Amino acid sequence: MNFASDNAWTAHPAVMEALNDANSGAVMGYGADEVTARAEAALREVLQAPDAVIRFVATGTAANALVCAQLSPSFGRIYCHADAHIETSECSAPEFFSGGAKLVTLQGEDGKITPDTLAAAIRHGEGGGLNEGRNAMVSITNATEWGTTYSAAEVAALADLAHGAGLPLHMDGARFANAVAGQNCSAADMTRRAGVDALCFGGTKNGAMAAEAVVFFDPAHAEGFDYRRKQTGHVYSKQRFLAAQMLALASDGLWLELGRAANAKAERLAEGIVSAGGALLAPRQSNAVFATIPAEAHQRARAAGAIYHLWPDKSAEGLDPVPIRLVTAWDTPDADIEAVIRLIAG
Amino acid sequence: MNFASDNAWTAHPAVMEALNDANSGAVMGYGADEVTARAEAALREVLQAPDAVIRFVATGTAANALVCAQLSPSFGRIYCHADAHIETSECSAPEFFSGGAKLVTLQGEDGKITPDTLAAAIRHGEGGGLNEGRNAMVSITNATEWGTTYSAAEVAALADLAHGAGLPLHMDGARFANAVAGQNCSAADMTRRAGVDALCFGGTKNGAMAAEAVVFFDPAHAEGFDYRRKQTGHVYSKQRFLAAQMLALASDGLWLELGRAANAKAERLAEGIVSAGGALLAPRQSNAVFATIPAEAHQRARAAGAIYHLWPDKSAEGLDPVPIRLVTAWDTPDADIEAVIRLIAG
Amino acid sequence: MNFASDNAWTAHPAVMEALNDANSGAVMGYGADEVTARAEAALREVLQAPDAVIRFVATGTAANALVCAQLSPSFGRIYCHADAHIETSECSAPEFFSGGAKLVTLQGEDGKITPDTLAAAIRHGEGGGLNEGRNAMVSITNATEWGTTYSAAEVAALADLAHGAGLPLHMDGARFANAVAGQNCSAADMTRRAGVDALCFGGTKNGAMAAEAVVFFDPAHAEGFDYRRKQTGHVYSKQRFLAAQMLALASDGLWLELGRAANAKAERLAEGIVSAGGALLAPRQSNAVFATIPAEAHQRARAAGAIYHLWPDKSAEGLDPVPIRLVTAWDTPDADIEAVIRLIAG
Amino acid sequence: MNFASDNAWTAHPAVMEALNDANSGAVMGYGADEVTARAEAALREVLQAPDAVIRFVATGTAANALVCAQLSPSFGRIYCHADAHIETSECSAPEFFSGGAKLVTLQGEDGKITPDTLAAAIRHGEGGGLNEGRNAMVSITNATEWGTTYSAAEVAALADLAHGAGLPLHMDGARFANAVAGQNCSAADMTRRAGVDALCFGGTKNGAMAAEAVVFFDPAHAEGFDYRRKQTGHVYSKQRFLAAQMLALASDGLWLELGRAANAKAERLAEGIVSAGGALLAPRQSNAVFATIPAEAHQRARAAGAIYHLWPDKSAEGLDPVPIRLVTAWDTPDADIEAVIRLIAG
């Protein structure tokens, strides 16, 4: 009963098979191999973005921080939600990679930034002179850190605002498949057509071992990026093994199928928790459930070995009801879900 | 009628004289000169800190950012007030100098951090694991960015908390003289005896041309600092001219006398503004006045050439009453003060 | 006939099997899993270093640059050979990770630093004052970039010198297995007992997909390292997959067996090239052969599809004889070796 | 008898007078004052560069490192002489400011880079792929660290090469006045017309207290520079005092007059040393003399209190003859020069 994170679960058999397939004979290193070319092409197809520059890295923190360094100078202001992964969970990697850029955090319900909030922040930044640094970029997460999702139209509204101020829009898509599945739109509608400039397309939480794609829809944004990736130690010598994972996910819609599977499991889990007396803290729109449950339900579940996070941190221990976060993966066993629901129901 | 900042005003005649005195013959560069030795000694005397390591730089941003880099690793969390100069006015210099440390901002009335808020933040940081970085240091400003001051006892309470968590305490003293004058305590009581580990002793806003002192009360905290200062371009070759300014201020209590003079002018200004129908936004405790004044008073004053900042930024234009900040220096003409009061009174 | 690099070749079946074994059920992420614990233990056993702190990353550049950042301040001087991988092949990652440390390069035959050269450089650095930065660490590569190896005694001589000056010694062991196999000593003799403080134990070029271990023999050197690894994006969420690769290599001496296999292939290649009229540029001591071959032999080999690097760079094109580098892996086909020898012989 | 450096000497009376003149009343800070505007204009006039962007900082290290950060990405290759100040004397400030750029050092007689050497290095860098970073800029020093000077034609030859490869050319002009005086050409011929893109125009070693100007001849090269200067702590709040120094030097040709004076003193010194049995190590072309003198002459001079540097470092102590460096300033007393010559003559 592990609901700690979707990255607690396994790599999909198709990923393992792709790795085995790629493991044959000698090929040139550092990305000059056929698997890499095919994986990039497959992802461009998924995103309907024939001109996009796509590069693979192994971790989401690397993907996000590299994009921040690419799109912001050291003196830049990067606008993001106060609960954004880049702010709360990457050990200030964006600041390090960029040489000191400042994450300017915005409040917003359910983990989402609203256009009004963003507009006010951008305006303030424009008036700050040298003191406050220079507006550089906007970053959103989809699905968000609260399991909610932005619709393509909501993304477009933020992109328009950003572009109106000359700023590129980054989407942290560590759970991109879950967002697209949840919104039931196309990957292209959610990104390129909505005005996203850089996308981190997550694989690790969606059935890969460790594979993320950094996508720049406009090649101009990728200028020098390969050097940056190299300098930060994120170029694999045997890159076929990074690419093979992404190739498997990007083929035959597997990425979206896995996203849908994880979402469906979360839907059942949310429904079950509410039936069992819990209350949702945010709408269930992807593969995470944020809820409060009675303290005794929590103790019962923990005692039985259920694993999940208190929210926002362990200071929630002792509260009644207890706020918690549960995340499902494509391969979370249905039996685990039913078991934890029963434990909460008591 | 310039109340934009205390750094809009002049260098004190004693500072100019000290520069002239120092400008004679050849001396060794980079701090190996007698004026530097004397200035360091004089400041150690002021602070009653015979073991302190003291170094001079030309700007407050350099002083603060160097201390941050010295006391925090790149993955450190630096606790400060949300309105701290290091957060709002240094173009993310602390992030740059430290290689990416995160400023974790705390709310607090009148620009001051309370022990409860700090304690909760430190606790959260201790539980954050790798995701949120590691607790590194606490930084306070005295006098604060709202013109208020911490008492020695308040500083000690924060220092105790910080030390209890293994964190050093930094005091940004760009307006240290104004704080000490306002609290009517000794420099040592306000710093070393209260548990301050690193002090930026400001000279520029207090009658110097451009001179700040970085003070480490425990030499262990200064390990490698000279290299860091050099690497950031903040070692003067003709350092006697930096030191001479500080020597003048540190001699015969001039620094404190100038701080008192500026404070007294602010006191009269605050009193006058209130009499003229304005209202203070924060207690007047040093050399700055934060107040709201009627919009028509603002227009009158501006039209007559009075210079001051809208607060917190120019988005305040159009409000009625208008929130403003006015800062006095040791040499702000009394006539200017009376004139602006009259303009506000209408 | 790919002799471009050992990273052009495949992952060993035991590595693939370990990945499959690890891919079962849910485990906690970020290294808090059993495979990681077992892999760390296995490597401590290999190195006979029960107290060592061991962490896994995916690339050699990351491993080396993280060690440089860990052991050198931003103003540090890092002594290394002029042909060291950290100097020539990592896109100044060490400079980036450390925030600006300077690689001070030393000349030396066959890619090796001699004690005399190192001693003179350290002495110069000690006298450089602030201008030249502060001596911070020494880095050697074993096997070297010229395919030669340091003996345990040679390592110890350099370690003694470094330690005498208060500097830690780093060994870039991207081809550590080849060095140990070549010197026919134990891993512990080559490292811990010789005075190595930090080892990058390479897996990628020795049968892994992408796995390197960073080893600190003294835990004090690892202080804060986990944060640094996180901040640079080098902590895997599904770390079991990184650890499983290293577990396979560290089990039953596989790492050394593969190192020996690659070395033996290089030995035959070197012998064959010399027989075919080539001349070695450096003694063949690990899994690389540096040689000159007649221009016509080069053209014949290239035309037949043999892949290898001109040395030191493509400016060698057109020379006669042509200096080249050929690297063998544990799985380089013997037939390829014989074929390229025949091509060179003409 | 201080010949340690030109920065051991005083500020010129005209500089002191300009500081006094500037010290009157309130002005806006951070460069928005009239003295700054006048100083920038005066320097544009000196350089006959009406479009140039000019900014003032207090140290040469800051000036050079800021230019490096401005013109090179973190993964850039910066070509410079092996004895360049940015390589040997700035504690890796360029690496720090740029976030990790690599200084690629070139050999060359008398501290000067030749076109052939530069061309070969650029070519190598172009072929290095990701491994070696990307060619970013070329930096020369004029006058050089060996007291020699590049002619305008020599500068133009290097600039043409750099531009042909798409690289900007930086001139470290800490002793620019001495170079221009030595070459007897115009400041514009030496820089803008020769193709220099960024100039650090030194004031400190030429009669200022602490003032350097960073000049970008093409405003496009200055994009974002003000933020960078702020973020590194190099924006003065009371900037009029930085500007006033430069205004004094740029007015009425004072900078060039002082450069000529220092050069003339060095000429007499060189002549005298040769007459006294010493031998020049490099042609005397600006305000420094590099020579060997008999060990007994050295001991005599030292005993009598003469101050100068052994060259290249103190390891020269004990050699016979002894290599030394002596630098003159505009105000080095003629009596000191004659005295040291007599001491050497014995």
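Letters A, B, C and D name the chains as they come in the text, with residue numbers starting at 1 for each one.
Following the convention adopted for this analysis, contacts are C-beta pairs under 8 Å (C-beta built on N, C-alpha and C of every residue); 3 or more make two chains touch, one makes a residue touch a chain.
Chains and their UniProt names: A, B, C, D = Low specificity L-threonine aldolase.
Nothing here was measured: the structure is a model prediction, and the numbers come from that model.
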Mutual neighbours - chains that touch chain C and chain D alike: A, B
Identity of the chain that, by mean CA position, is farthest from chain A: D
Selected pair, greater C-beta contact count between A-B and B-D: B-D
Distance from the mean Cα position of chain D to that of chain A, given in whole angstrom: 50
Centre distance in Å when chain B and chain D are each reduced to the mean of their C-alpha atoms: 34
Computed distance of Cα centres, chain B from chain A, in Å: 41
Set of chain C residues in contact with two or more other chains: 74-75, 90-93, 96-97, 99-100, 130-131, 133, 227, 230-231, 235
Touch list for chain C against partner chain D, complex: 74-75, 88-93, 95-97, 99-103, 123-124, 127-128, 130-133, 313-315
Touching residues (chain side chain C, partner chain B) in the complex: 30, 73-75, 99-100, 130-131, 133-134, 224, 226-228, 230-231, 235
Complex contacts: residues of chain D adjacent to chain B: 2, 4-5, 7-11, 16, 19-20, 23-29, 57-63, 65-66, 90-93, 96-97, 204-205, 209-210, 227, 230-238, 241-242, 307, 329, 332
